[in-house]
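For clarity, chains are labelled A, B, C and D in written order, and residue numbers in each chain start from 1.
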Amino acid sequence: MSGMPRKVCVVVASRANYARVKYLMKAIQESPKLELQLIVGASALLYKYGRVIDVVRQDGFEPNFQINYLVEGENLITQAKSTGMGIIELSTAFDTLRPDAVITVADRFETMATAIAASYLNIPLAHVQGGEISGNIDDSVRHAITKLSHLHYASSEKSAERILKMGEDAWRVKLTGCPSIDILANSDLALPPQEYFQDKGTGRVFDPAGPYLLVLQHPVTTSFGEGAQQITETLQGVKDIALPKAVLWPNPDAGSDDVAKAIREFQNDHRDLPFSYHINFPPEIFASMIANARCVVGNSSSFIREGAFLGTPAVIIGDRQHGREHGKNVVHAGYDRGDIRTKTLAQIEHGRYESEHIFGDGTAGKKIAVHLETAELRIKKRCTY
Amino acid sequence: MSGMPRKVCVVVASRANYARVKYLMKAIQESPKLELQLIVGASALLYKYGRVIDVVRQDGFEPNFQINYLVEGENLITQAKSTGMGIIELSTAFDTLRPDAVITVADRFETMATAIAASYLNIPLAHVQGGEISGNIDDSVRHAITKLSHLHYASSEKSAERILKMGEDAWRVKLTGCPSIDILANSDLALPPQEYFQDKGTGRVFDPAGPYLLVLQHPVTTSFGEGAQQITETLQGVKDIALPKAVLWPNPDAGSDDVAKAIREFQNDHRDLPFSYHINFPPEIFASMIANARCVVGNSSSFIREGAFLGTPAVIIGDRQHGREHGKNVVHAGYDRGDIRTKTLAQIEHGRYESEHIFGDGTAGKKIAVHLETAELRIKKRCTY
Amino acid sequence: MSGMPRKVCVVVASRANYARVKYLMKAIQESPKLELQLIVGASALLYKYGRVIDVVRQDGFEPNFQINYLVEGENLITQAKSTGMGIIELSTAFDTLRPDAVITVADRFETMATAIAASYLNIPLAHVQGGEISGNIDDSVRHAITKLSHLHYASSEKSAERILKMGEDAWRVKLTGCPSIDILANSDLALPPQEYFQDKGTGRVFDPAGPYLLVLQHPVTTSFGEGAQQITETLQGVKDIALPKAVLWPNPDAGSDDVAKAIREFQNDHRDLPFSYHINFPPEIFASMIANARCVVGNSSSFIREGAFLGTPAVIIGDRQHGREHGKNVVHAGYDRGDIRTKTLAQIEHGRYESEHIFGDGTAGKKIAVHLETAELRIKKRCTY
Amino acid sequence: MSGMPRKVCVVVASRANYARVKYLMKAIQESPKLELQLIVGASALLYKYGRVIDVVRQDGFEPNFQINYLVEGENLITQAKSTGMGIIELSTAFDTLRPDAVITVADRFETMATAIAASYLNIPLAHVQGGEISGNIDDSVRHAITKLSHLHYASSEKSAERILKMGEDAWRVKLTGCPSIDILANSDLALPPQEYFQDKGTGRVFDPAGPYLLVLQHPVTTSFGEGAQQITETLQGVKDIALPKAVLWPNPDAGSDDVAKAIREFQNDHRDLPFSYHINFPPEIFASMIANARCVVGNSSSFIREGAFLGTPAVIIGDRQHGREHGKNVVHAGYDRGDIRTKTLAQIEHGRYESEHIFGDGTAGKKIAVHLETAELRIKKRCTY
């Protein structure tokens, strides 16, 4: 069937997912040899997480399926159950859509659900962001997904090497860079005017014209229960630095309820301070927020990945990103307000870093799409040793 | 809480599962430092697969939970959905039992459900039979489970090495041999008298006193749809060999319906031939069936694993076990009745092989239990490279 | 949107379901004011139950969704879990298809799953076969579905009255007769030649040219565990009657495993007797089997419903249909081989009865479709008292 | 087994559930002939809804199972899916606990999940609050549960009559009053001191010493999408009345996200006004809040049920309680701020009403427990007509 475009199915299951695959989705959509199939599910459908699906639609993508499969609770158990629900529902969706390949991204439970459903249905699975190292259970999940995947689009040289070391065939691994970098390379990274932020959050209205710190700290699932204290140290650490702070809400990982609660308490206790709080931004605005910050503080992998390309000074806290490859823009701090304050001040003092292309040069989406047009889609795998 | 025994939870989800962990369950039960928790689920509850739970109870184990989570269909989709259902249900069970460690075995979808539920709940996961190579999707699933597991009890030296190469910490990997070998070392392997078999199957009544061939061939999930033809070649290949044949029903993998249907058709068309057909045996009887056969034919991993220890001549068909480590007792054949017939006759002619301890010496269950009594149960993992 | 046809979604989830709605599906398909949406799921997808979906396709219906949601076990627990799975999966399907009305039929757990998914999604629900009385849990389920439904297409006058008594608005209730009768009125009810039956079952090949008895007995879920004994009494009761017997496999209700096992044992012990065993027939063949039988024996509601129209003598066993409205063609017997034998002989002696139109005159499908074209689809309901 | 106490299993799945069965749970716990089994699940486990489980534990009840089965989204689809998840999980729990009877309360989707799981497992089901009328889909669900239940503990004479009219056997129906009234009869209904409220909400700290209005308005699932506007009319209607207002968060019904969002927006826009906002209270505090309010405004069934006993003036808004039996304390208003304001002022002016025992006299829990000690638990049901 040489004339038929290959059907490539992307599952967008969270805000972070979407930011990472948007440019890949565009590239698939633009390829005459590929046909994009889109499933939007889990937290990407929820108001609480900013209705990512509305942004997806505004960007010109129409989902084939919308599927709610997030079990409420944001604890370890509901995270597992959401994975189970995701597998059940995605199996039916994949069986209905019959894609030639499925794309899964990164390391979270929604990613795992996609990976299991696709691989058990004998649908070739392509993994973006495999082989990377962080300091979370995500690490184990990411590598488990590597072992289930048939094609690996690696973001960095080191992660490509790691995938090979784990026993994957060389022909299945391609170094493309990460599509999340494509967003940076394809937008002017100017922040919108203040009106945009008027009703996009609580606390002080964010002022895009002035300097600011950006804070985003996710719960760490392997130290479930300590998230509230961890974010509190961070907020206290930046509190007295004389810049406005924009704080972003965490992902719906196990423990995010705790983190959210601690943020709300901090907000309640410090209504006079120049903090603004935001649930969600479209990928471009989020990228611009990083690009224009004096310093970014927390444990978001974006601070490392996008941060390297943008040269934004970053203070990375705790062990969620422990061991992750990073550029010169990153310094690490413990869960300690004093340490966080000192390092953040030093980073502000230092100012912007030079751009590094560790995680790609902004053409990853296109490279992946071109590869998918003709890639061998062989489901039988052998460990190379 | 030095005085409290560690709670170790075993999930028995199929006939094959049980044979592999029975002696480990005994060893846990007998350890004063460990407490056995038992969940029996999926096909281990079904009449169709011989009600493994009844055997489990007769062996003196009382389940804490019985959970139906097999979605009917035995195709690729229901296999995925069963994994999803398993994760949902096992999450609740683990949360209720709160074990200190969970044991998962081998490579099938029930194993994956156990692995995901336990690892997402931050419960240390011990994997038996990791690092092995076969030629199925099972391979990918097995290695994915390795990446999710915190302790690895390897069956063979080569598989231990493979686990290390995949980036697991050396202290997490222990070469213990496989507990399925323990059954062989702890029973006299004599077959029960013919009365035992009187109502344990269909076709000709099996005669344990005489010589026979044993046939067991599972569907190969990565070539879903070809199972009927594959088993037919095997049955035709052994049909005219002048020995009675005992045929076992396949596992509930995707495709087993096809295989079962082809067996039924063969049975219908050849009612006069000396074939007996059996759904299930307790692990000891199954082991004795292998031990006393003139030759075993098919693709069961037991023919390789138990076969090496027992020295039973084996003809392994197709690629389900392709690449798996094996002893001298194994020859391979294609899905071709002529090839199967020739190799089987040659193996009968050769007669028994010497026992090899590739997969253990019959003390694996005890070694694992002793290790679990004091093993470090650290859930944070790092890839070693 | 006066120009848009109303989308009417039918869920076919079992053999019995399909026989009951086939002519309604045809009438919907043929109406220019209606558009048929079709979901095929649960046991209608399984080989074990004769792959009803293949028959559906041969009849010219193409499903929008195929969904596996039967949890294996055929016991009370898996029946409940299948309902749960059905609700989850059908919710996504309904949300994707967005029908203007959903049709649900009769009283089984798949029916309940459809009813709950549709009613919780605020989709108007039309129930066929509401208000009837049988002697099973099905009774409770049927009436519960009535309370969830927005339109009631009653098969008989008495059932229409019963629906009204339960507090439903008169405008929501319409006496149409049952679409299962339409099959009888629209086919010549001649049996196909013997070749057709050559490979359509086990045991003696069925001879459509001669006289025969038809046996179909389902498990009774409220006396779970007694099914094997119940069917055995029936088989023993008809065994020595000097006519060939055609035995049909039961539905996948809780307990069907027991019944099936007892049938298999009977078959094994009586290979010489003129019994043929069949898993499934297309609705027309099944109707012809009833039409041409000397007597039908068991507890299938078809023996009562289709039997009244066809005038086929019927011996109804046990309490599964206790209290159900019926015609003169029916006599009742206990679970007692002697009683069953005596009553069956008497019915054979009596011969055919006159046709009664208690459950419709063969135009139900069309009546329902015409009503659906313009029926008020109001989801807010009030009990009339 | 005359000596064994009957095991009675209660499922607490929400704040409202618990308030309704607390005194029944106490009565079961205190009966020597009954043994209480407790499952806490769904929104009763969530922080967002005030962690009802903590209150349950403080009251001296220890759950046998805690089960997360709420699918996040609070829309029509997730409500259906939560029902499905609940059925799956409760089936396993009931099969593990093997109760002699299960209690289910009222009309929500969690109630339906309990009813289906129990009835399909052939466990006698006792329904509290059957036969009542409100103006929601809850009505259909409530009556459907009646048709699935084996014992009916009616709260009022009219509802008992309605149950009988629906075809239930008279011996299965008992007029006991509602256990939610027991709370009122067994506590002094004094509000705790202001310190208690210090950190129990947002907005102005609630002052229990002074007069106040209480507002609680749930989304109406059959008019999904209009909840935000509906609550806004209510808040605007009471805004300028010169009393402090205590506003309670809605149930997790489909649409509650909308209502919650509208409350948050109102809160944001009116920070200076004397409004306090509360997620949850233990049943006694909630009862005291109603008892001591000058007027209660919204659509909570408690305003009708507890309100009748307490004589608290109530303004019931919209059609969620349309047609529900009520006392003299109730006046109705439309979704119209003017109407709401006028009626509320009139009710304040009127002052307290005399206590009416329409829904019980405070001994319902004991009556039900005593009945359950010896009630016939027959699962086979027949419609009485």
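We adopt the following convention: a contact is a pair of C-beta atoms (placed from the backbone, for glycine too) under 8 Å apart; a residue touches a chain by one contact, two chains touch by 3 or more.
Since the structure is predicted, the reported quantities are computational estimates derived from the model, not experimental observations.
Both copies, chain C and chain D, contribute mostly matching positions to the interface they share, with over half of the numbers common to the two.
Looking at A-C and A-D, the interface holding more C-beta pairs in contact is that of A-D. Centre-to-centre separation between chain A and chain D, using Cα means, comes to 41 Å. With centres taken as mean Cα positions, chain C sits 51 Å from chain A. Shared interface positions of chain D, defined as residues touching 2 or more other chains, are 68, 77, 81, 85, 88, 92, 95. On the side of chain B, the complex with chain D involves touching residues 65-68, 85, 88-89, 92-93, 95-96. Contact residues on chain A toward chain D in their complex (touch as defined above): 43, 45-48, 68-73, 75, 77-78, 81, 85, 202, 257, 261, 268. Interface residues of chain D facing chain C in the complex, by the touch rule stated above, are 76-77, 79-81, 83-88, 91-92, 95, 109, 112-113, 116-117, 119-122, 133, 135, 137, 139-141, 143-148, 162, 165-167, 221-222, 224, 254, 319, 323, 379-383, 385.
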